[in-house]
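All chains are identified by letter, namely A, B, C and D, in their written order; residue positions are counted from 1 within each chain.
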Amino acid sequence: MQRRAFLIACSSGAVALAHSFSAFAQSAGTLVEDLVAGNRILAMEGVLDAMGHISVRHSTRQDRFLLARSMAPELVTAADILEYDLDGNAIDARDRTSYLERFIHSEIYRVRPDVRAIVHCHTASLIPFADSDVPLRAMYHMAAFVAEGVPVFDIRAAAGLTDLLVRDAALGKALAKSLGQKPAALMRGHGAVVVAGSIPNVVGRSIYLDVNAKAQAQAIALGGKITYVGADEAKLRMSDTNEYSRAWDLWKRKVSR
Amino acid sequence: MQRRAFLIACSSGAVALAHSFSAFAQSAGTLVEDLVAGNRILAMEGVLDAMGHISVRHSTRQDRFLLARSMAPELVTAADILEYDLDGNAIDARDRTSYLERFIHSEIYRVRPDVRAIVHCHTASLIPFADSDVPLRAMYHMAAFVAEGVPVFDIRAAAGLTDLLVRDAALGKALAKSLGQKPAALMRGHGAVVVAGSIPNVVGRSIYLDVNAKAQAQAIALGGKITYVGADEAKLRMSDTNEYSRAWDLWKRKVSR
Amino acid sequence: MQRRAFLIACSSGAVALAHSFSAFAQSAGTLVEDLVAGNRILAMEGVLDAMGHISVRHSTRQDRFLLARSMAPELVTAADILEYDLDGNAIDARDRTSYLERFIHSEIYRVRPDVRAIVHCHTASLIPFADSDVPLRAMYHMAAFVAEGVPVFDIRAAAGLTDLLVRDAALGKALAKSLGQKPAALMRGHGAVVVAGSIPNVVGRSIYLDVNAKAQAQAIALGGKITYVGADEAKLRMSDTNEYSRAWDLWKRKVSR
Amino acid sequence: MQRRAFLIACSSGAVALAHSFSAFAQSAGTLVEDLVAGNRILAMEGVLDAMGHISVRHSTRQDRFLLARSMAPELVTAADILEYDLDGNAIDARDRTSYLERFIHSEIYRVRPDVRAIVHCHTASLIPFADSDVPLRAMYHMAAFVAEGVPVFDIRAAAGLTDLLVRDAALGKALAKSLGQKPAALMRGHGAVVVAGSIPNVVGRSIYLDVNAKAQAQAIALGGKITYVGADEAKLRMSDTNEYSRAWDLWKRKVSR
């Protein structure tokens, strides 16, 4: 996609959204543009393949969030972004299909007012940890948030026999409960959910969670004693709330080419 | 290859095929186009290199299947697709060479009426499991079918000393027997065969079998206790017979660029 | 970036620098061009992502060094190169932001007169060794310098609780002390620093340190007895001070396309 | 490089060579074109980086071989190909520099009349095996030749303290002795040498030796019992002397684009 086409797609899509939203703040154009960029960045970096999704909380309404219609992330344009309420209902679907697992987003937004952006992914490096009793640990400053703990959500423990998908609000609530106040949770036999206070941060966390998982697996294979990032060190590091801004600028530039 | 050139190649090839086939259903054009796309997708995703093949059962004749002439999958066009009977004979070869191992396809189609598409591959991630007594297990919902079991075909156990290739109908029958009613079988010292009810599904299974093998190897290396996807969970998940449709649309779009 | 655009960017940037530098030697143009190329090569090869940096000592003033303003390495042009003194002060910043961790460079240049170029990186393959008590060892002649030893700098041992970043001169001094006379040091929970007598050599060392780490991890996983490159063999090999010149020419050509 | 430019470069280079060779057979043009393609294929596939080389025995003179001048393999054109005698002397160097390690080629051609093409590489996947006492074993039919055995050449055992490079005829002889009648040898702390009866076969063997090494390392990490390809199976498989022809056609087409 040409940069110009990307910008046009974003701005025209934002206009369409502005018309359909009841109360849409000035920053909505940027938010939609960033959500489109986030979709494409996560695909470019291999965190998402044809599946998985990224959402952002509405800029002015705490009880709404934005999420693409059901489609492959790397193809998302602004015109594909829908608005949802916290029950997972699309406000103005106009025949556009919703992701089956949108309840992952709605139920986390409901109970985590601090969360403004969510990624649900099936990143290959995370699956071994999602299925194992070896916990993810923070390997370096770029993934310091891992030191806060990444619980594993076992859908069978929460809801008995399922097809592993978070198909309804009850399953979404169970996942949100497992997540608690943590920055991410693994989902046994499925993938992960990552949360943050902004699109750049949730994208950055998702990308570096992938790097961290690979590095940790490699460190374990070395067979020596491992010193992980301490919770105290991580806490200091995380006080920088723009930690992924330089990376975000680069990633956004790349998907805009 | 330009998208337009791809579409022209597909449609003109389909026309040529339509003329040469005795009874060719309306959906044949789509089937050939999908088979061409399947070849290119599997090459793009690294499941196939210069070797390996994908076939589809004829849309109206249960005793026929379509398979490219002997060539590298990523170069296949519609004009390269041949029709075969269940003895592995090309119907209208016109001097085009057949894959030596076409009997993998013919003998599985013979005994598995439910199978409509087959991939034979040498994917690097599968070779360690093909040579090992550690069985493949299902790591996540995208490869839930693995929970049905992936047997290993040891050609020496079936046929004594060979050059490891499935060169004739007898070896194809032995492989089909090892496969049984399963969705895939590993081939010791060689690779794998994957089967499904459609081209999108056999392509999806082949791609996620690769991801699953890498994830399982990584999980084992972590050294902890692993909880694999349960057979009951997998069964529920597999009731969705279009599970790879979103991915298929993306992959097809990519190889059509 | 087109090759022509790259060359223009380099030469015009060099002109601008020549004007702003008090004493700028004839080779400065080449030095800036090589520093720009080094930034892009390290990004191309995956040694640096959006973070990390490469610097070079000033061609005529031992107490000065050149380093890009705070930005992603793969976007650096000659106009982004700043000059610093050994206290980490930019000589002519003109509103351009400096890297927070520039003290890594300044304090090493201060105590290592033999060092003319420095890379600070977070390469994923190095993190497992940075966090582990398994030392890096030299696997082959391309990374023979590893045989001199690669110490681990643990910032907590040196300075107690920090956010893991080398934010000031005191932390830079502590890192330089850990490095000692070695060609590289790992940084626990963070990454690594690599030093050499020229830009091509520090780039070559950084790239092959990455390859070496992966190869060593793989060798350990094989479970057999490993014979590393001997210190005596490495010493002989390192007597070739242009060991990466052929690689440098290729890399530079690639980023100039 | 455009396909047309590639073909022109090849043919004009071949003409130049034809003039400078004392006795140059009709097939020389093809041989030079294939040697250029082999250089570029091995770089494209990651078997060679900026270092390493591929040679071919002269088509009519058993005591001569062709090898590029000292340069990065992916940049080689027909005009860069030199002719050498079995003492490693360039016949008509005209100021072009020779690879330091050309004695790897000359001494193997001297004692192995069956060998018509040689690759010397530092492929990362081979280094762990080159430094380990765990022997390479054949994982699948695409690398069946590994079943013949891949000895390890330890230059220290042969020649005491060196800088690890095969700098002269004596070291080349020692390597050739370690290789014996095998298809490949690993070089401790350095890389490997692969031999075959043709350029396509030596390129194919080099590429699949890389795949095989990765697959074997992965199989070992699984921790189960491994059944390698038997020597008897490999012997049958290797009776097909054109086993890599389909792959070669694809690779050559790719580097000619």
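Basically, a residue touches a chain if its C-beta (ideal position, glycine included) is under 8 Å from a C-beta of that chain, and two chains touch if they have at least 3 such contacts.
What you see is a predicted model, and the numbers here were worked out from it, not measured in a lab.
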*What chains do chain B and chain D have as common neighbours?*
none
*What is the chain whose Cα centroid lies farthest from the Cα centroid of chain C?*
B
_I need the rotation angle between the copies chain C and chain D from a CA superposition, between 0 and 180°, in steps of 5._
90
*Whole-Å separation of chain centres (CA-atom averages), chain A against chain C*: 33
_Centroid distance [mean C-alpha coordinates] between chain D and chain A, Å_ = 47
*Taking each residue of chain D in turn, which ones touch at least two of the other chains?*
221
*What chain-chain pairs meet the touch criterion?*
A-B, A-C, B-D, C-D
*Would you mind writing out the residues of chain A in touch with chain B in their complex?*
49-51, 70-72, 74-75, 122, 124-125, 127-134, 154, 156, 161-165, 188-191, 217, 220-221
*Which part of chain D faces chain B closely enough to touch in the complex?*
138-142, 144, 211, 214-216, 218-219, 221-230, 232-233, 236-237, 239-240, 246-247, 249-251, 253
